[in-house]
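The structures come next, written out as C-alpha cells.
After this come two complexes, each holding chain A, first together with chain B and then together with chain C.
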Partner chain A sequence: MKIKFLYIFLFMVPGILLYTMFVAYSFGYSLSLSFFSWPGVGPKIFVGFQNYKDALVGIYSTEFFRALSHNVYFFALVTLLELGLGFLLALALATQLRGYHVFQTIVFMPNIISLVMVGFIWGMLLNPQIGLINEFLRSVRLGGLARGWLGDSDIVLTVIILVNVWRNVGFYILILLAAILNIPPEFFEAAYIDGATNLKITWHIVLPLVKPTFQTLTILLFIWSFNVFDLVYALEGVQAGPFRSTDVLGTLFYRTAFGGLGSARLDLGLGATVASLIFVIVFPVSILYVYFVERKS
Partner chain B sequence: MFKLRPFSKGLIYLILIIYSIGVFIPFLTLGLNSFKSLREIFLTPFSLPSYFRIENYAATWKQANLLIAYINSFTISIVSIFGILLTSSMIAYILARYDFPFRRILYLYIISGLVLPARLAIIPIYLLLRDLALLDTRIGLILVYIATGIPFSVFILKHFMEAVPVEIEDSARIDGASPWKIYSLIILPLCRPALVVVGIFNFVAIWNDFFFPLILINSRSKETIPLAISVFFGEYANQWHLLSTALWMATFPALLMFAILSKQFISGMTQGAIK
Partner chain C sequence: MLSKLGHLVSLVIFGVVFTVFSSTLMITAQTTEVEIWSWRSQDAEVWTQVEERLKSEGIPVSINFRSFLATEYDSKINLALAGGTGPDIVYSRRLPGVRTQSLIDARLLIPLDGKVDFSNFTSSVLKYIQSGGSTYGVPFAVQVVGIFYNKDLYNEYGLSEPETWAELVGNAEILQQNGITPFFIPGKDAWALVMQHAMSGVSLLGPDWIESLTKGEVNFLNPQWIELNRKLNDLKKYYQPEFLANTVAEQDASFAFGTAAMVFYGIWGYQTWKEFNPDVSVGYFMVPPDDPGKEPWAYVYMDGALGLTSSSKNPDMALEVLKFTATPEFGTIFSNVTFNPPAVGGAELPADPLFEEVVGASQEKASPWVYWVGSVFVTGKPSLYDDVLSPGMQAMYAGKITPEEFAKEAQDAISQWYEPLKR
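== the complex of A and B ==
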C-alpha cells in the first residue's frame, strides 16, 4: 500500500524518538561507559578493559563471582520449584473440577502484588520476634526448627527464593494450565480406551505436549533470575546481608553505580561494566526467547 | 480431559485448599495486624485484635504519605499506559500495513528492545534525565516507562493488526479517508482486545515497579506506592502495627481490584508475557 512519507514520519516519530533516547542510545552509552572511570562528575578517564579486568580477575572478582553464583543458584532452584510445583498444580486444575476458576484466581493472587511489598510482608512473617512462621513452629512443638530465617547466612538465600516462589508460582501454574487445556480431548479419550492410567497419560501425552511451554518458561526464568533485585532489597537491603550472602548481580550493580554505604569505590564506569556483564550473560538466551515467540506467531 | 475417581477428586480438593490457605495466610495476617496494637502483635500473634483499632489507619495514612503516593501511582501509570498505547499502536499500524524502505530494519530495531533489560541502562537514563532537568519528576519517569514499554507493545500490536483483514480499510480509503482517520476510527476499535492485553500487562508492571522510582525519584511528594512503603519501612522500623497498616492499605485495594477483574488481569498478564 502507498502512503505519503509524511504520514510514516508522523506516526513513527514520537515512539521511535523515546525508544531511541531511553533504550537504544542509553544501552549503547552504558556499554561505552564501561571502558571509562567516572565518578559521575568531572572528566571521564578512558581505562580500556581495566574495569572488566577488575570485575573478572582483579579486586572485584570475589564480589562479582559470589553474586553471579547466587544468581545461578537462584535460577536453578527457582526453575525447579516454580516449574515443578507449577506443573503439579496445573495438573490438579486441569481436571477442571467444580470451582476450579476460583482456585485459578486464588493461585494467581500474589502475582499482582509488587515484589518489594511481598518482600516486606514476608519480612514480617519471618521476623524472629513477631514472625508467624516461628510462632507456628513452636505451637506445633517444632520450636527447634525456629530460627532467624533472614539472619542465617546458610539458609537465607534459599528463604528468599522460597518467598519468590510463593509470589510467582501462580503465573507458571496458569501458563502450564493453558498449555494442558490446549491438548485435544480426543487424545485423552483414546488413551483411556486403551486402558491408560492418569499417571501414564501425564507422562506420555501431557508432558511431551507441554514441553515447548517449559522451554519458553525456562528462558524467561533465566532472564528474570539475572534481574533479581527487589526482593533482596526489601529483605536484606543493598548490602545484601548477612555478609553478602544474598548479594546478587542486581544489588552489586546498584552499589557500584549508586553507592550505598560500604561500597569500596563508587564508579559509574565500573557500574556500567557490571551491567554489561549481566547483559552478556542474558543476551544469548534473550535471542533464543525472541526466536521462540517469533516462531510461534 | 482427566477422569477421576471420587477419592482422587477429594485429594485434589484437599491439595488445592491447603495451597489456597498458604496464599491467604500472609494477607490475612497483614490485615489482622493492621488493626492490632504493637503489644498485641507481640503477645497474641494468632488471635483476632481485641478491638479494631481504626486509629492505626488515621496515623499511617498521613505518615506513610499514602494519599500522595496513590495519586502519583495512578497518574504515572495511566499517563504511561496512554502514551504506550498511542505511540506503539501508531508504529505497529505503519509496520503492519505499509511498505517503505528500511521497514524490516526499523522493525528489528524496535524489537531488539525485547532483549535489552531496561534496568541495565539505568546509568545513562539517569544522566539523560539529569541533563534534561527531568530527574525527580513524574514526567521523567513516565517518559522512561513509555520508552521501555514500546518494544513489547509494538510486537504484540503489529501481530494483531496483521490479522485484521485489509479489505475493511479499502472502502474507507476509496472514500478518501486519510491514514490518520483509518487508524483512529477503524483500526483502533478493531484492536481493542490486543490493546486491553497490552494495557493491563503494562499497567501492572508500572504500578508495581520499584527500581526506576527508587533511582529517579527523590522527593516525597513524587513517590509512588512501592517507594512510599519502602521509605516508611526505613523510618518506622519495628513499629509493626503501623507497618502492617501501611502495607495493608497499599495491597488491599489491589487485591480487591483483582478479585473483581481477575479474568481480565489473568489474561492480560499471562498472554502478555508469553506471546
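== the complex of A and C ==
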C-alpha cells in the first residue's frame, strides 16, 4: 500500500511543481502585491487596503466599474450571439445536407486566425474612409449607415463584440453540433412517428439534451468574457477609446500595471488589485464550471 | 572528370564558408557589444552609423539596438533592470515623471556627471533629466509640435500662413469650399488630441496664463480655458468625416499624399511623410493666437535621454558610446537620419527649410510654461494627460460633454492631488 502511494505521489510531483510555480505562487504573489504600491522597481510601499479602496470607492472606482460594466455587456451579448447563432447553425449542419462539411470549415476558419491578426483585418475593413464595410454600404445605396465604426462610442463595443462573434462562432458550432449528433437517432425517429414537428423536436428533445453543453459553454464564456483583452487591445489600444468606451477589466489592468502612453501612474500594486478583483468575480463561476463538468462526467 | 569538378566545387565552398566564419569570429572577438533598448524603432539607422563612426575612430564597439512597443517599453525596462538582465543603455523618458524617477530612486540608472561632457547642452534641456543635482542621461532629441501644412495646396488656393486663429479658420473654410479636407485629425489616438490641445494652449492661453495655472492663481474653470475648449470643438467641422475612428498612421498617409491640407503634429512626422512621398512640400507654423497683438508660441519638449544602466555588462564601452552621443557629431547623424531636432548643440542640421524653421522656433519661441509632457500636471494621478485630456478630448469631440463640462472634469481631477489647485 505504501509503495502504491509513493508511486502515485511521484507521478503527481511534476504536476504539483508546475502548478505551484506557475499558478499558486503567481496568484499568491499577485495577491500580496495588491497591498503594496510599486512601480516595478525599487522598494515596495505597504498601503494596506488602499488599492482596494481606490478601485472600489476611491479615485479609480469610476474606471473600475465602467470597465466591469463593459465586461458584463460583453458577456451578455457574446453569450446571446455565439450560443444562439451557434445553436441555429449547428442545427442546420446537423441535417448533414450536401456540402455541410465545406460550410463547417468556412465558419470555423476565422477561429484559427490569431486575435491580433483579426484586429488588423477588421481595423482595415472598418476604416471610415477606405474600409470595405463602408464602401459596400455606399455601393448598395446605404451610405447613410456608413460610419466610423471604431470611433463611435455608442456602437464601438458592440462592433468589437461582433468581430469576436465572427471569429469564435465556429468553435461553438462545432461543440453544439457534436452535442446534437450525440443524441440517439431513435429519439427523433420516435418523435417523427408520433407526428412531432421539427420545431417541437427542437424544443422538447434537442434543447433539453443539449442543455448541459449550453451550461458548460456559458460558464466558459463568462470566464473568457471577464478576461477579454487582446481583441480590445488590437482594435482600440491600451487607452480603450474612444474615451474608455471599450475599456474592460483586462485593458484597465494592463494600463494600470504596465502603463501606456501618457500614464502617470505605473503601479503594479494597483494592477494586482484589479487582477485580484477579476479573480474574485471569476473564481466562484469557475467552481460552478467544475461542478457541472463533474456532474456531466 | 565530374568527380574532380565536384571536389573542386566542394573545396571552393569550404574555403568561402571558412573565410566568412573565421572573419566573423575575428570581428566578434575584437568588438565589445553594447546593447541599447528604445521605444523609437526609427533610430535603428542612427546606431548603425554611430557604430561605423566609432569603429573608424578605433573604438571596437558592436551596437545591438532593440526597439519595443512604446506602450510596453517601460514595464520591460523595469522588469529587466530590476532583474539585473537589462541592456547597457536605455532610452529614458523625461523628468518629471514616475517612470524615470523610479529607475533613479532604485539606483538602476547611473549618474553621468564627470563621466560625460555636457557642455554642448543647455541647462533648459538638461533639467529634464536631472534629479537631486545629478544628471542621469544624455538627452537625444528636442521635439517641436505645431501645425504642418501642405505648401502646394496653400499656394493653389492663394493662402498664407495665418497670424490669428480667425485667419486659420478662414483658411480652413476656403479649403473646405474647394473640396479639400482642411485638417486630418487622428481622433482614435487620444494622445494626438491631447497634443493638439496643448500646442493650441501655449498660443491661445499664452505662457503667462499657464504659469498662473501652475501657481494656482487661476484654475481650469477659468473662462479662457473653457474658451480654448470651445475653439477646438468649433474647429471640428473642418476635420475629415468620422475623424474619431482614424489613427496617426492614416493621418501620415493622408497628409503625405495631399488629401488633407493641415495636421496638428510634431516634426518627427516629417521623416515618415518624406518616406511616403518624397515630393511632398511641407510648411510649419505655430498655432496662431486669437489676438493679432499677441505672439504665437511653440510647444517644445525634451523627448528623452540615453541612460547608463546598473545592469551594464560593458559599462566602459557603454560610456564610450554615451560620450559620443554628447557630441555635435552625434547630433548631426541623429538629425539627418530622423529629421528630429537633436538635443545636443552645434550639430550640422539637414539643409531643409522646414527643418531649419522648426529648429528656429524651438530656439526662439519655446513656451516656458506648458501643461502637457514635461509639466507638473502629468506627475500625479489622475493625470491631466492620461486621465483628463485623453478621454475628455474624444468625449468633447463626440459631443458627449460640453467645453464647460470638460473644464470641470479637469478641475475636479487635478484638484484631487495638486496642492495649488486644491484651493
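One rule holds in what follows: the second predicted complex is superposed on the first by the 275 of 297 C-alpha atoms of A that agree within 3 Å, B and C clash if a C-alpha of one lies under 4 Å from a C-alpha of the other, contacts with A are read in each partner's own complex, and residues count from 1 in each chain.
By definition in this document, contacts are C-beta pairs under 8 Å (C-beta built on N, C-alpha and C of every residue); 3 or more make two chains touch, one makes a residue touch a chain.
Every value quoted in this text rests on a predicted model; they were computed, and no experiment measured them.
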item	value
Which superposed partner A:Gly151 touches (first chain B, second chain C, both, neither)	second
Which of chain B and chain C A:Leu126 touches, first, second, both or neither	second
Which of chain B and chain C A:Phe258 touches, first, second, both or neither	both
Touching partner for A:Phe214 - first (chain B), second (chain C), both, neither	neither
Which superposed partner A:Phe222 touches (first chain B, second chain C, both, neither)	neither
First, second, both or neither for A:Phe64, with chain B first and chain C second	neither
Partner with the higher number of touched chain A residues, chain C or chain B	B
Residues of chain A that lie at the interface with chain B and also at the interface with chain C	127, 129, 257-258
Contact set on chain B toward chain A in their complex	1-4, 8-9, 12-13, 15-16, 19-20, 22-27, 29-30, 33, 41-42, 45-46, 86-88, 90-91, 93-94, 97-100, 106, 109-125, 127-128, 143-144, 146-148, 150-151, 154, 159, 166, 178-180, 183, 204, 207-211, 214-215, 225-226, 229-230, 233, 240, 243-244, 247, 250-251, 254-255, 258-259, 262, 265-266, 269-270, 273-275
In the complex, chain C residues that touch chain A	70-72, 74-75, 78-79, 81-82, 97-99, 102-103, 105-106, 108, 187-191, 194, 240-246, 250, 378-383, 385-387, 390-392, 394-395, 398, 400, 416
Partner chain B, residues of chain A touching it in the complex	1-5, 7-8, 11-12, 14-16, 18-19, 21-27, 29-30, 33, 89, 91-97, 103-117, 120-122, 124-125, 127, 129-130, 132, 135, 139, 166, 170-171, 174-175, 178, 181, 185, 188, 192, 198, 201, 213, 216, 220, 223, 226-227, 229-230, 233-234, 250, 253, 257-258, 268, 271-272, 275-276, 278-279, 282-283, 286-287, 289-290, 293, 296-297
Chain A residues within the chain C interface of the complex	39-43, 59, 126-129, 147-153, 236-239, 241-244, 257-266
